[in-house]
Amino acid sequence: MSPDQNPIVELVGISKHYGATAALEGVDFACHAGEVHAVLGENGAGKSTLMKLIAGVIQPTEGQVRVDGQPCTLPNPAAAVARGLVCMFQELSLVPDLTVLENLMLGAPGTGLGRLRRDVVAPARAVLARIDGGHIRMSARVADLSLAERQQVEIAKAITRNPRLLILDEATSALNASVVDKVFAMIREETARGIGVLFISHRFHEIEALADKISVFRNGRHVDTFRNGDYGYGAIIGKMVGQRIDDLFPPKRSTPPGDEVLRLDGFGWPGGIEDVSISLRRGAIVGLGGLDGQGQSRVLQGLFGLLKGTAGEIRIGGNPVRIATPEAAKSPELGIALVPEDRKTEALILDQSIARNLELAALGVPGVAAEDPAIYQPFTDALELKCASLDQPVGQLSGGNQQKVALAKWLALKPRCLLLADPTRGIDVKTKTQIYRLLRQLADQGTAILLLSTDYEEFIHLCDETHIFYDGRIVRHLSGDDVTAENILAATMNMAVSEASHA
Amino acid sequence: MPDFLRSNRRETIAVAVLVLLLALYLGTHPRGASTYVLTIWGNQCLILALAAAAQFFAVIVRGIDLSVGAIMALCNSLASHVLGGTGIDLFFGCLLVVGAGLLAGVVNGLFIVFGRIQPIVVTLATASVLVGLALILRPTPGGAIDYDLADAMTLDLGGVPSSLILGALVVVAFWLPLRRTGLGMGLYAVGSSEQAAFQSGINVRLIRIAAFGLAGVFAALAGLYFSFVTTTGDAGIAPNFTLNSIAAVVLGGVALRGGVGSLIGAMAGAFILKTIGALMFFSGLPPLAQPFVEGLILAGAISIGGADVLRVRNRLEVFGR
Amino acid sequence: MTSLRLSKPDTDTLVPFIGAVALILCGSLVYPQFLTLTYLGQQLQISAFLGVIAMGATIVILLGHIDLSVPWVVGGAAIMSTALVGSGDALLGAIAIPAALLFGALIGVINGFGVAIMRIPSMVWTLAVNSMLLGVAVLNTGGFNPKGEASATMVWMASGHLLGLPVAFVLWMALTAGLTLFLGRSGFGRYLAAIGYNEKATFLSGVGTPRVIFTAFALAGACSALGGVLLAGYANQAYQSMGDPYLLPTIAAVVIGGTSILGGRGGLAGTIGGALFITLLTSILSVMQISNAWRSIIFGLIILGVLLFQNLRRKAAS
Amino acid sequence: AETYRPECFAAAPGSGEISYEAKDGPYKIAFVNGFAGNDWRIQAIQSAKAWAARPENAAKIEDFKVVSVGNDSAAQIAAIDNFIAAGYDAVTFIAVNPTAFEPVIRRAARAGTVLVPFDNVLDSDKVVMVNESQIGLGHLKAQTVMDALGGKAKKILMVNGLPGNATDRDRRVGMMEVLGQVEGLEIVEVVGNWDTGTSQKVVSDALATHGQFDGVVSQHGAAGTINAMQAAGHPIVPMGVDAENGVRMLMDELNIPGVSASQSPALSAIALEAAVALLEGHTLPQNLALPIPQVKAEDLAPGVNYFPDLPKSFNTGTGFAECFEPFTPEELLGQSADNN
């Protein structure tokens, strides 16, 4: 099929206002069959809002939506799905307490309130198998899956709904590079069969690899649409953020790290991690890598007092300590802070205002004026938090801006040791550079940082050293020139070890 | 089947506790296990089981229904007026009673969905209205239910108590098929994550109204069965059943935060609760000590379901369970 | 960059106050006596009993929980305080009130244990605690029950007047003010709301959430117990099940006062209005001499009406 | 020993008679109570236990069980059925719902179990029922008050009990029999739910809005009624009140004219007495009307018909002299919980 026939969906003069906030303003936009159309924009640019409009989740304040050239309203997601507009949301649409199977059957086209059909299972299995999700059992409860597994299921669910237009709103943000490749291969096949794809990601290399066409949004306005390759990286970033960004990463530190702040010796936890030893020095940024669920996040949880019955020893400033609760962890004696992975349920209180969220961790900590906005301002400014006012509920912020609040809330405590679980997931390029600078700056000021990431670039360009996890153990410790993409990927698959044993 | 046991763990515990308590009850009963004893036991258990079923439908969509007892009272009072006739009259009488429950439940649902008021508060208020209506129908206890119908419903069929047959019927003919429909799954989805359910294309409003409608229907059935057991109408029965129905669903492993549990568990919870009470009959405990021991066993039974939090090794796992 | 401000007080809070005034004005068309100081003073006094209990309930509801052990904490505290006074021992008599409050707080701790540690839904755990308390009270009357009597202090607290205002009302206001101050100053109030919205995120913010839950239930228990002491002073005696009529009205008062039953949003100020409104509504319906059935129906409808009004207004505002 | 005293079993007007075939003792008897959480019910349980503990009764009883089933008539039916199933000779009970027992009576008759409902009795003529006349109780209070007022009054306050309850209905009927005859009388009714605190609140409201009354008739919870009147500075007027210890203390202390009368919890013991008499083959009136234990205000005497050393919620009606030596407070309260 040729891309220049009638668009599947066309938006004409669309605006979406939330009170005084204009999430979208006078947007004209179209997407066609047979092509991957990427949507770029910084956090809060209105990308998710656009997708929600097309998916029938929200209604435009102004303007017209046309499907196959016909003006129509999409009052709810069911109506959108009935027209072949299927969305994978940034906030996943899987029901946590139901099994994978039940989620696949739920709301499948043509089901209604009547009998559920199991004929979605076979195609879904096939999709899962293709994207490294073959191990996910149909009878597993979604709540027990990792974020990455959930994204895989979500992809399978979307594809089995026979979309004509498939919308992926940061649908691969928690997936590893190798899985992402497989997802892309599949998406390519789908477009070859004539479906359209709308794709949002903050990972530029993903856009580059996948998109046929790119649209850039800024502050709720549609800035430009062009074919992939028409402009270089710098120019696109320029369109996106209105300025040039030359270096994503700040220069690495020149001075050697200082005294040991934190030391893990033979750290273990039944069924999760085993014999993990890590040393963290003042001013160092240490990466924790590996496939999803290999124990990296358990280490962070253990350090933050969330695990019971851990083995081994934790030393802070040389003294053995027992960290029983997050409350103890954040106390000035220990000075540990954790920015958790799941901002919606773990990091933030969505119904409360930004101000209240910022204060929550600092309240009651001796020597911190929690209720003084000035202590957060350097961080919210540095991260360019985009909000109507600090009284705005956090839930109303765009995904990336929520993440900024989650970061600022802990940074203001000036922790001695900062534990970060994938802090740049869903963050736009510009903000990413700012986060990287901020982290480097904190490290230079003496904070020790443990950074869990799914983006290996961060290990290469930001971290001083990196531990790669596999099956609950550290299989590789990389530092200096060893930190290369190949080494990281190999260690991630535990290749080095298996090759060694074959030899 | 590790996944089956895992996702039905709480129901399994509930059934195990029930079997234990029943064994204890039959063991202390001078007459022992017999159709007669099981019939008596089943009758009073089924009333609460139906009330618990009503509560289940409210709870599964992350609601709570404080009008369960009030709907029962209304339906019981209504039944005592319309179930005195014969044959076809009785049939339509039952239909009318169930219809009244459905109506009450749907009204609850409409207030919740369109009035945007929390279920617990809506039903707190409608309960007051419904009890008022029941009092208009039955200012003092009275009226009569057709004895033949009542006997058919409360005695036994070939040695098997009618109550247990009816309870099994609810499960086999209604619940198990319902679980395989979009409605049944939608109930869980809405209760577990409204957002996800909505984005999956589910009509959240309709499901929620349907849930409270079903709650109304089952409360009506509970009121109806209460009428068969007591053969009379009484507007004053409300307070007793509402809170007990909540305790029952929790005992049966239904999570009050919605989306988790099954009707079977809820009904088993009701049987547990009533069996605890029945244990007192021949326990030989001093009469004034009985209420305390009853409360103690109740607290114990509830704690069993919660005891596995003590085994949780990741502190985050205790939240939202 | 906008600066931090305290968020504006919720206008929901005003609704029950306006409702209460409207009730009196409408009622006074039939009974002009409603506008007398006697009647109004009496309503302030009586709503203080509900108000003190509802004050504790508000704290627990803010937390996203509910306390169904109110009836027998009220009853138990009343029985305990009168029993201590009635023992005739001056020392026991003197500690009657603190002992009752301590009893309430202790039950609160038990409630908190089930909720915070055992993670049992408060709605059932506190119900079970309530039935155990009933059991203990029943068991206790089986033995020698000392003659019960309210002390002069208790009677004064419940029925006395201070500067023309009922002492009970003054006490209620003072406690609400004190508690509000405590909630605001200590950060405890913040934690309550945060837990009410999202306990996991609060815990991960390094808040000792179990401690907050324990404290909240203990405070609520003490408030219920104080309610029991006041009621014993008012009736000049204690009796079994004297707390029963307070459970549902308490919840209604809190909710009418603008506190979300799901936790997080709301506060003590609204509960004052809620308690006044519920007390007045009950009283006016009682005086109006309508049949019970209709009283119950009208009560339910008015509550529904107020809630509908509040919610639809809130929707329109957003 | 012979404990049967015919004078105990006075028939209500128009009552028939009932007898069963005599059985040899000792008997298995059960008392199935409803709700246990109020003072009256607890005292009823204590009275039953005290009766069974007296040697002359203990000798006739092989097994005596007391259970409380809560406010659930279905559970009460189940409990009674259980005792029938277990071969008990007699079951006494306070009906949660007095109209719900027709089928149970049939089953009991088939099994040869004697049922003796008391207090909240049934609408039935097939079993012996033990009660005071509720209509008579209402009548007595209203009549005493009207007599004290010389038959003339403008405004009377009536404090009713629990709505929807047959006992409340009957007592009110009894009061209205008297008050309805009084010409030009305004009757202000409030609902006190048989609860002291509730009575106190509603009476306070009634006083504030209706001013003074010439007399007051109050069901259970009259201590609250009197407190409210005291607080409002209401003058002492004739009252018909219940028989809680605290009420009698107030009545005596304040010199309130009128009568204190109430349902006695010791009815539970009379029901047992009747059950044994029936099992021994005696013929009893179907509808037993126990004399209403009453004390005129002028006859109140501490230590005799009220007890300053006992809890105010203690019920002074500790027995019926016609039937057996009334229980002493010590016998009731000392009745420890663990000598089943």
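Remarks
Letters A, B, C and D mark the chains as written, and numbering starts fresh at 1 in each.
By our rule, a residue touches a chain if its C-beta (ideal position, glycine included) is under 8 Å from a C-beta of that chain, and two chains touch if they have at least 3 such contacts.
Everything numeric here is computed off the predicted structure, so don't read it as measured data.
If you take subunit A and subunit B together, the chains in touch with both are C. Among the remaining chains, A is positioned farthest from subunit C, on the basis of C-alpha centroids. Counting C-beta pairs in contact across C-D and across B-C gives the higher total for B-C.
Subunit C and subunit D have CA centres that are 34 Å apart. If you average the CA atoms of subunit B and of subunit C, the two centres end up 29 Å from each other. In whole angstrom, the spacing between the mean C-alpha positions of subunit A and subunit D is 72. For the pair subunit B and subunit D, the distance between C-alpha centroids works out to 34 Å. Residue positions of subunit D touching 2 or more other chains: 36-37, 42, 46, 163-164, 337. Touching of two or more other chains is recorded for residues 134, 138-139, 141-142, 200, 203-204, 292 of subunit C.
Among the residues of subunit B, those in touch with two or more other chains are 135, 139, 286, 288-291, 315-316.
Contact between chains, using the touch rule, shows up for A-B, A-C, B-C, B-D, C-D. Taken in their complex, subunit C has these residues touching subunit A: 1-5, 7, 187, 190-191, 193-194, 197-198, 200-208, 264-265, 318.
Of all residues in subunit C, only 68, 114, 117-121, 123-125, 127-136, 138-139, 141-142, 199-200, 203-204, 248, 251-252, 255, 260-262, 291-301, 303-304, 307-308, 311-312, 315 touch subunit B in the complex they form.
Of all the residues in subunit D, the ones that touch subunit C in their complex are 36-39, 42, 46, 163-164, 188-191, 193, 195-198, 200-202, 204-206, 208-211, 223-224, 227, 231-232, 246, 308-313, 333-337.
Taken together, the subunit A residues at the contact with subunit C in this complex read 19, 304, 325-327, 329-330, 338, 340, 345-353, 355-356, 359-361, 363-364, 370-373, 377, 380-381, 387, 389-391, 409. The touching residues of subunit B, counted against subunit C in their complex, run 64, 111, 115-118, 120-122, 124-136, 139, 243, 246-247, 250-251, 255-257, 286, 288-296, 298-299, 302-303, 305-307, 309-310, 315-316, 318-321.
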